[in-house]
Amino acid sequence: MLIVMERHASAEDVQRVISVVGEMGYEARPIPGHQRVAVGVVGNDGRLDAARLLGIPKVLEVIHVSQPYKQVSREWREEPTVVALPNGVEIGGTGVVVMAGPCAVESAEQILATAERVRAAGASVLRGGAFKPRSSPYTFQGLGEEGLELLALARERTGLAIVTEALDVETLPLVARVADIVQIGARNMQNYSLLKEAGRSSKPVLLKRGMAATIHDLLLSAEYILKEGNPSVILCERGVRSFDTQTRNLLDLTAVPVVHKLSHLPIIADPSHGTGVRDKVRPMARAAVAAGADGLLIEVHVRPEEALSDGAQSLDPGEFERLMEEVDSIARAMGRHVAAPAGAALGGSGV
Amino acid sequence: MLIVMERHASAEDVQRVISVVGEMGYEARPIPGHQRVAVGVVGNDGRLDAARLLGIPKVLEVIHVSQPYKQVSREWREEPTVVALPNGVEIGGTGVVVMAGPCAVESAEQILATAERVRAAGASVLRGGAFKPRSSPYTFQGLGEEGLELLALARERTGLAIVTEALDVETLPLVARVADIVQIGARNMQNYSLLKEAGRSSKPVLLKRGMAATIHDLLLSAEYILKEGNPSVILCERGVRSFDTQTRNLLDLTAVPVVHKLSHLPIIADPSHGTGVRDKVRPMARAAVAAGADGLLIEVHVRPEEALSDGAQSLDPGEFERLMEEVDSIARAMGRHVAAPAGAALGGSGV
Amino acid sequence: MLIVMERHASAEDVQRVISVVGEMGYEARPIPGHQRVAVGVVGNDGRLDAARLLGIPKVLEVIHVSQPYKQVSREWREEPTVVALPNGVEIGGTGVVVMAGPCAVESAEQILATAERVRAAGASVLRGGAFKPRSSPYTFQGLGEEGLELLALARERTGLAIVTEALDVETLPLVARVADIVQIGARNMQNYSLLKEAGRSSKPVLLKRGMAATIHDLLLSAEYILKEGNPSVILCERGVRSFDTQTRNLLDLTAVPVVHKLSHLPIIADPSHGTGVRDKVRPMARAAVAAGADGLLIEVHVRPEEALSDGAQSLDPGEFERLMEEVDSIARAMGRHVAAPAGAALGGSGV
Amino acid sequence: MLIVMERHASAEDVQRVISVVGEMGYEARPIPGHQRVAVGVVGNDGRLDAARLLGIPKVLEVIHVSQPYKQVSREWREEPTVVALPNGVEIGGTGVVVMAGPCAVESAEQILATAERVRAAGASVLRGGAFKPRSSPYTFQGLGEEGLELLALARERTGLAIVTEALDVETLPLVARVADIVQIGARNMQNYSLLKEAGRSSKPVLLKRGMAATIHDLLLSAEYILKEGNPSVILCERGVRSFDTQTRNLLDLTAVPVVHKLSHLPIIADPSHGTGVRDKVRPMARAAVAAGADGLLIEVHVRPEEALSDGAQSLDPGEFERLMEEVDSIARAMGRHVAAPAGAALGGSGV
């Protein structure tokens, strides 16, 4: 940490900073400069809170040199985290894991038909919301527990693993009982109570980046989960807010190599929410894999025009098949491949 | 609602849209244009979900003409909502309500001393966090219940009303028992479980705008609270994410007249978080009042350089006194004034 | 300047950095840390280019401690720059200077009528575009030289000073011959050829902030003008790009105190472009003055509904009169006042 | 175009709008709604200016249904524009064109050595700035005419085509005399005088997206060039401003399929400026090609650590070779390939 003093700071001002740093248990080292003095802090283990230092008179700026997170960092753990699912699929290895399904579970017929189709096309995880966070209180909020049961049924029928969202501390145990991966959505990325509860769960967590979250913010939120004892976190880039209304969000694919450099955690991309427009999903799915993503989250609906939510960005099964072919080509050009469930080589679509 | 078709849409494509609109219980009215056809939807009461329409082939865009929210809108209720506090102060009337205090409650000595000083300077509400949402799990998270008790003690001593944050559904009842206003922070603005719980509380709610939330998003979140039966919502502009790192956030003061036009709810501004820099708090507090804000939320600490959180943006009591004088001048130039608690005219600072 | 090394940088990596810094003519000072080594650069006069350092292997980050600009900074010149206009009005002093008029000069009748009205209401500078930068090549591009002549005529009739935009190096001399202040628009803020040409002009320059320019970018662009010998630069905040479409731009009023701290140059605000919505202009004009702005730029049209450009944000003369009354009240609450031209006390509206 | 009225608009208010639309030469068609009335405009050919309509009392919003640009749109020309270069390379066809070279031309030795290396690795166009736009007036501004001569020499030696930037109307003819492609940089994207001059040139134009430009803004700027008679425009995504400082800009790769849908013009990506960080260039180059980009613009320097500008994002020749191998694999997975100059199959690296 480097504390930069204002230009007209006096020797006493600098001395006051040195004293406070000392009181906080660290060593201060003044660095005289041409325009202004700076004070280096030695011994900071990443937990030092800058705010107190910024409050000292004549302090202009506090610059973080150490990273504010620990367990999620590449420096804490060199080798990549690989999250293994019950159906034998691994996230964070050489396989590219495709999670697909409808935005929301709507009926037995809808989720089972969609599950069959995405399974046949090569997906290994089924997505589908039972509890839905919606901007408006007047739109469809999901089937709740019934939706969870339908997901379990679809898993039984297809061998797909299940990822579904938990909205709050109350329903997280319910969700975790059924899900193979518990999703925490973008709107809840800094819901710390929920993060801590997920950290106490034994299920892997899919943590989506908030709409205006920096990569640092995202990693700090993941740190909440690891700190509570759950090491199995999968990060997800799903687009950030932008000034251009051509797409719903701005998919920031550079987040993929940025996360891979800073952290050992796997990261996947969600081009469905990341663009919000059906015909942009395929090109951006390809691009995500080319950027090095460990997986994809894709909205697929057997009849997109009847979807109760997010129909505009859902692919129909035919479009999804084309996507899978293209994604597999790109993955192979990278020396990777689309991951398949353990029994996948044996059976057909229905298993 | 207006459904815009792609340029090459055929008569059948348009007919399909008309049918779906009919199935959804609304009337469709095609509007032929020079470049393309559009279909107007008549009878939409604001609850129609655009996603299903966007999923129909050859639909280019769905444009909302009606607003997606109801009870929070000016069209629902013409006259402004005025939130009355137990100490006689009203938010949303002609008085400008100043809420001031430390970022976090740290000790009895700190909160009582700060309360006395802000009371003496003319504040009518004491702010102070007992439960703190922090980006990093390694920084100070607040005193919890002990913090709430200290706030109650400060209220008893000074007559100030209390505003403090609730982080989750579990602790909201605890917070609501003590607080006169329950705060929902920017990071929880779309935590719908928390919003609903706050909607079932009898205490007024201070809802802060999320870091990348549009005004529509903010009003929709408020709608969640009103829909559950709690009409006493105070909105708060606290800065949005920006590309310039000169300030912590970009305080969007135009939000004040925008909200006043669209909604009957009062809106206050938080120039402390909105700028994150001490010497920007006073000018932006003045600007907020000049823009028409119904109140201010200001961080004040008796010794900012010792603050456990956000010291960089906290004023010391002397600076706060100057702010109050300036804000009062601006308020009077607008035909308003700084609101005072019921007994304020009688007593002095210590009450 | 501080050069932060990657965690696994070796002693040789650090030595290489020290050598390069030495070759560049500065002194390097290594600062060992708990997690990583940093290297401080002593003697940097603000012109050192970071890119070369960032290219060295194992360099993680280069942090600027010195400012990259010189002549525009408060540290270069302590007292504020005051720009005096021929009609006796000063920008950057205690007076708040109001510049008002139509977006574009459209006809003699329009510009003269508008000039009379804004003069009567208390403005001291007339704005009006003769050369208009327009996003689309198919919209009205201004009257050109004829527009300049009409502005000169309006000045003769009313005593108002003239501010109008120069679009390129070719037409700048033409504009500078007539204008009392040459405006450089947001789209040209980093048109360095134009900035240099303006720096060689003897007329004051109104430099508008670009749509995604940081305050540093704005000050660096002003530095181009000062470096060429023209000290009379007035900065202008006119809103930045944002994700919310409620307003055309996001007016960043915190830019006012930020600029006042970093620079001696005056700064005004343009709430017309800054909001793009007529009924937001008055509140944001008040807020700008309360934030400390040295002036305002306001679009006024005698018949806004007939304006050839930007009618949506233009005030009619009656609305402008109300704005002037409110702004004057706010200015007086701040110990300032609305500046008037030299002869203003004598004559009436027609002069 | 759809004109949405305020809720409380009267029949006279609506009638006034209908009259104005009629005066402007279009037909107005009122659409009564549940909450409010809207007025459709029939016959708009894309040139109708919304501002005048927004200025009419009780008009809430004007919604564009037609696109504001013409010649650049897919609807104007169905088949893709292919730009042919003198060395036989085509941009916009099935080949992926790689343009590579240093940020700035620094010396004969540097540009010739770099040109040989990028040619050997498979590039077909040499980039290199002779005139450099720099934020600070105190940094290296390019070699000017001497730089142009060195580029011509490098072309002679290697057969590479040349792309280099023109900064203003004065130097554009100079640049166009030497360059095979004239680049207009992000800062000049809305410098309309320069766009018009480029439109009168016979050389293809590489138009880079501005830092906060929407795709509509970019297409409108291209329209300026086509309208003057130059059909050979290549668009370039180079990152937009963002709130996260992990990368210099946020590379918006979704712009690639968005442009391909709206326009017939080719679009390439610049991952060097788009990320600003060397180790992010390769993954984002791969991602750009997977998203469908027609080419890449890559900074390569024989000795990045000695580069006078942008060394932080320049690849060394070895890294560039790896990039070319990876990009070619991705292109082949897409049924494309890296484009080679006409004589490339015959000779070796030195030609």
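All chains are identified by letter, namely A, B, C and D, in their written order; residue positions are counted from 1 within each chain.
As a convention for this text, contacts are C-beta pairs under 8 Å (C-beta built on N, C-alpha and C of every residue); 3 or more make two chains touch, one makes a residue touch a chain.
These numbers were taken from a predicted model, which means no experiment stands behind them.
Centroid analysis (C-alpha atoms only) places B farthest from chain D. Should one ask which of A-D and A-B has more C-beta pairs in contact, the pair is A-B. Centre to centre, using the average C-alpha position, chain B and chain D are separated by 40 Å.
Computed centre separation for the pair chain A/chain D is 31 angstrom, with centres defined by C-alpha atoms. Computed centre separation for the pair chain A/chain B is 27 angstrom, with centres defined by C-alpha atoms. Each of residues 46, 212, 240-243, 245 in chain D touches at least two other chains. Against chain B, in their complex, chain A makes its touches with residues 20, 46-47, 49-57, 68-70, 133-140, 167-170, 187-188, 190-194, 210-212, 217, 220-221, 223-224, 227, 240-241, 278, 301, 304-312, 314.
Residues of chain A that touch chain D in their complex: 212, 214-216, 240, 242-247, 250-254, 256-258, 261, 274-275, 279-280, 283-284, 286-292, 326, 329-330, 332-334.
If you check the complex, the residues on chain B that touch chain D are 2, 4, 7, 29, 31-36, 38, 40, 42-46, 63, 65-67, 75, 241-243, 245.
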